[in-house]
Amino acid sequence: MSFLRSRFVQAVVVLIVCFVLFRFGIQPPAPWSVITLYMAIILIAILAFVSSDADSWRSFLTPLRDTVVKPERRLLRMVLMIVMPLLLGYYAYTQAAAKPQAPPELRAVHPAPPASIQFRGKEINIQGIDNPLRKDQSAFKQHVAAGGEIYIRNCMYCHGDNLDGQGHFAHGFSPPPANFVDPGTIAMLQEAYLFWRIAKGGPGLPKESTPWNSVMPAWEDRLTEDQIWQVIMYLYDATGQQPRRWESH
Amino acid sequence: MPLGSSRAVFAQAGDAGAGKAVYERKCALCHGEKGDGKGPATELLVPRPRDFTSGLYKIRSTLNKTPTDQDIFNVVTNGMPGTSMPDWKVLPERDRWNLVAYIKAFAGDKLKDAPKKVDLPKEVASSAESLKRGKEMFEAIECNKCHGNEGRADGPSRPELKDEWGQPVAPANLAKRWTFRGGKDRKEIATRLAVGVLGTPMPAFLEAVEKPEDIWHVTNYVISLGEEPKFATLVTVTATKDAIPDDPAAEFWSKVPPSYLPLMGQVIIDPRNFNPSIDLVTVRGAWNEREIVFQLTWDDPTESKPDAAKKIFADAIALQFPPKITPGPERPYFLMGDDSDAVYLLRWEQGKGVMEATANGPAKIKAIAGGEVNGKIVYKDGRYRLVMRRALAATGDDRPTFQPGVFTPVAFQAWDGGEGETGVRMSLTSWYYLHLEEPQSNRRFVVPPVVALLTLAAMVLVVRAANRRR
Amino acid sequence: MRKTLAVVGIVTVAAAAAFVVGGRDVATAQGGGTVEVEVKYNGAPVVEKLKVNKDTQKCGTEAVIEKVVVGGNKGLAHAVASVPAAKGGKAVKGVLDQKGCKFVPHVVVMSPGELEIKNSDDILHNIHTYSTANAAINKAQPKFKKTMTEKFEKPEVIKVTCDVHSWMLGWIAVTPGPAAVTDANGVAKITDVPAGKQKVEVWHETLGKQEKDVDVKAGQTTKVTFEMKGK
C-alpha cells in the first residue's frame, strides 16, 4: 500500500470520498450547483494543505511531473492527450446544446418576523408572545377540534389532509405549500411566527421572500384572532410537533 | 400503486376497534364522526365525501353492491384522483386494514351479501387492431352520450347527470385518465367499464358489449385518448423564420413543442373556487422577427353562451405578464396584480374575442385602447383551441416588449363560464417563466472542437515546457 | 346469432304472456274472485316537459314527464292495485320495454322472479334501479342488446331510470299477490283474488298508498273505489 503514501493519491482519494458523500450522502439530493461549490472549497483546502511545506508539495507534484516528462510514461501521456480534449469537448457540447432552464428562484424561506402587526386595527406583538389559548389547559381539546375544522375548510386544499404540503392544489404552485410534517417548518418556529404568516399571508412577506409569488392568502380577512390560534394548535397537535419557545433573556 | 403490480398486498382481517382511533384522527374531518359524509367541509367538496352509512362504494371490483375489503383498502391506500381524497400511504398497512373494518361497520347490514368478484375476460394487449375495434365498440355502446365523441366529458347527457344522492355529477374526461377516481391503470379502467361506478350514472358494460374481450378493446381505446402530461417549469416559445398561421388547427402547431401547465382553483378572494373546472392548459408559442403567437388548448365541456339567469357566463382565458420586463426578481402580485403594481393581460373572452388589458387585481380589469392583438378560436368536441398574436415590440407603459433569451414572467387564468366561473371564480397558475428560444445557431457544433483543440494545445505546451526545463 | 336470440326472446315473451293470460282465466274458474278497483283523483294532472337535445329521431324533440295522469271521470292512471296478502296466485312475468325513450308500460307489475327488459329503440339506454330489498342494478343496454333478464325476488316497488335520458322514469311493482295497474280511466281489474276478506292496497308514485278491506266473493266482481289525495 505504498502508493497511499503519495500526497497526490491522498488528495485524489479525499476528493473522491467527498464527492461521493455530497452526491449520495445527502437526502434529498443536493442540487449540482451546491455540490460544485462544495467541491471547489474542498479542492482549495486540499491544495492549501499539500502546499503547506516544500516536501509535501514536491511529493504532491512528483506523479504529475513524472507523467509529463518520464519516457516510460509516454503511453499514459498519449492516452491523456487524446482523452482529455475529447472529455472537455463533450462537456462543451452538452453546455452549448442544453435547453434553457427556468432561472432558480432565490427567496428567504423563513424571513425575520416583524416586532408587531396590525390585525384588524389591533396591534398584536409577534416578538415574544405565546399562544394565549394554551393558558386554559381544559379547553385544549376543544381548540384543537375547532382548529381541525378551520384547517379542513381552508387549508387542506393546498397543505393536504396529511399536513404534508401535498394538497390537491399543491403541485400547481411555486413556491409549494409548506409541509408541516417536515421538521424544518413549524417545529423550528414559534407559534407567534405562524400567527404572523397566517394573518398576513403571501402579500405580507418582505421583499426577500418574493411576496408576489406566494399564493398563501392573508387570513386576517377571513379568520378571527382566536381562530388563527386554534388552527395553529391543530397544526402542532396533528403533526406531533412542538412549537419552538422564545429564548428567555 | 395498483394491487399486485410490484408489491402484492394481501387482504388482512382488520380490527374495527383499532380502526376507530385512526378514523377519528384522520378521516372524521371529512367523512364525519358517524361516517355519514357530513364533515365540516362537505359542502365545499365536489364530489362530496363518501357517506359510509349508505354502503355504496363507487370503486369496486364486484358484480354486486358489496366491494371486497381489498377494494376499500386500495381506495384508502391510493386515494381518489381528481377528488379531495388523498392517498393514505403514510398510514401503516395495519392501520389501513383496521380502517377498512371500521368504515364497513358504518353500513350495518347493507353490506351483508358476500362480494361477488367480477371475472374479467382474458386481457388483450393494445395494438392498432385492438384500438380500431375499441373505437368501433366505443361508438356502438355510445360512450359519447355522456363522455363525448373524443371522451372529453362533453356528451349531450352531461347536464342531466345526477348521482345517487341527487347531486349533479360530471362524466369522467376520458382523455385525462390520470384523474379517474379508481386509478389510471388498465385493469382498473377495464373493471370500472365492466361493473360500472356505483352511485353514479356509469352503468355496467360487462354484458353490454358484443364479445367479452371488447371490454379490453374499449379500455385500450380509452387509454389512447390522452397522454399523461409532464408539467412544464418553463414555457418555451419556438423561434421560426416562417409566417405563423392564424388557424389553431393548422399543422404548424403540431410541430411546436407543448408546455403543459396545471391550473388550480382561486381560493384567496371570495367567492373561492374550490372545484375549478379547467385543470390544464397546453401552451405552444412561436415567434419570428415581427410577432409572437400563442396557441392555447384546453378542455371545456360546454361552449357557453352567457346567460346570467342560468348562471352561465362567458368562457375566457388570459395570459398575464408584467407590463415591463425588469432584470430583478420583483414583479406584480401573481393574482392579477394589485393597486400599486398592474399586470398586462392577453385575454380572450367568448363573444368579445381577443384583447389586451391592464389589471390592478381581479376586479379591476381595463381594456387597453387601440389594442394590437388579434386571434382565432375553434371549439370542437369539448376542447377550445385559440391562437393569439401580437407584435414583439410594444409601445406605451402598459405593454411589455418580448425579447429573445430573456426570462419573462408569465401566469395563466381560465374561466369555464358553463360551470358558473366568472370574475374571481377562476382557475389559475402562479408565476412561470416564458422564454423566447434564440434562433438555432451552429454554436453547438463549433464550440466543442475548438475547446478540444485548445485543450490539446495547452497540454502539448505543458509537456514541451516541462521537458525543456529538464 | 344475435338476431336469432332476439327473435327467440320475443317469442318466449309472447308465449309467457299468453300463458299468463290463460292461467288467470283458469284460476278464476277455480273459485277466486275479481276486484275492480277504481282510483279517483280530484287534483290536476302533473306534467313536466323537457327539450330533448339528443336522439331526437327516437325520442322526439320534447320529452313529456307524466307524474300524475288523470283520465276521464277523474280516474287516476298508473296506480298499482294489489292484494298483497293473497298467496298462491299464478306467477306473472314482467315485461318492460324501452320505446321512444319511455318505459312501456310506465308501471310494470310482476310476481317475484324474472323481468324481461327490452330495448326497442336502437340506441343506448341504461337500466338503473333504485331498489333496496332487491339488488340495485345499473346496467347498460346498448342498441344491439335487444333483451335482457333481471331477477327481482323480493316484494318492493322499484324506481327505474335511464341516466342517458334523464326524463325516463318507470316503476317495477314486485307483488307476491295478484295485482293490476289502473288504466287511463283509473280502473284496474285484479283477477284471481281468493274469496274472503282481503286487504286491497293502492299505490301511486307521487300520491302514496291507501288500503281498504274488501269482501271478495268467488266467481264475482267486487267493486271498490279509492280517492287519492294530493300531497
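A, B and C label the chains in the order they appear, each numbered from 1.
To be clear about the criterion, a contact is a pair of C-beta atoms (placed from the backbone, for glycine too) under 8 Å apart; a residue touches a chain by one contact, two chains touch by 3 or more.
All values derive from a computational prediction rather than experimental measurement.
> Taking the touch definition from the header, please name the shape of the chain graph: line, ring, star, complete or other.
Per interface graph, the chains form a line.
> Considering only mean CA positions as chain centres, point out the chain farthest from chain C.
Centroid comparison gives A as the farthest chain from chain C.
> Chain pair with the most contact pairs?
Summing C-beta contacts for every pairing gives the maximum at A-B.
> Select the chain whose centre, defined as the mean of its C-alpha atoms, is least distant from the mean of all protein C-alpha atoms.
Chain nearest the centroid of all protein C-alpha atoms: B.
> I'd like to verify one number: the distance from the centre of chain A to the centre of chain C, where each centre is the average of its C-alpha atoms, in whole angstrom.
Going by mean C-alpha positions, chain A sits 70 Å from chain C.
> What is the distance in Å between the mean C-alpha positions of chain A and chain B?
Their C-alpha centroids are separated by 29 Å.
> Any idea how many Å lie between the Cα centroids of chain B and chain C?
Those two chain centres are 46 Å apart.
> For a test of understanding, state which residues of chain C touch chain B in their complex under the given definition.
Contact set of chain C toward chain B: 2, 53-54, 123-124, 126-128, 130, 135-145, 148, 163-166.
> Report the residues of chain B in contact with chain C in the complex, numbered from low to high.
Those residues of chain B that touch chain C are 64-65, 113, 140-142, 145-146, 156-157, 160-162, 164, 196, 198, 201-205, 207-210.
> Under the touch definition given earlier, write down the residues of chain A that touch chain B in their complex.
Against chain B, chain A makes touches at 65, 68-69, 77, 80-81, 84-86, 88-93, 95-97, 99-103, 105-106, 148-149, 151-153, 156-158, 160-162, 164, 166-169, 171-174, 203, 207, 210-215, 217, 238.
> Please output the residues of chain B touching chain A within their complex, sorted ascending.
Touching chain A: residues 25-26, 29-30, 39-41, 44, 83-84, 86, 88, 90, 231, 233-234, 236, 262-265, 267-268, 274, 329-335, 338, 341, 407, 429-433, 435, 437, 443-444, 447-453, 455-456, 459-460, 462-463, 466-467, 470 of chain B.
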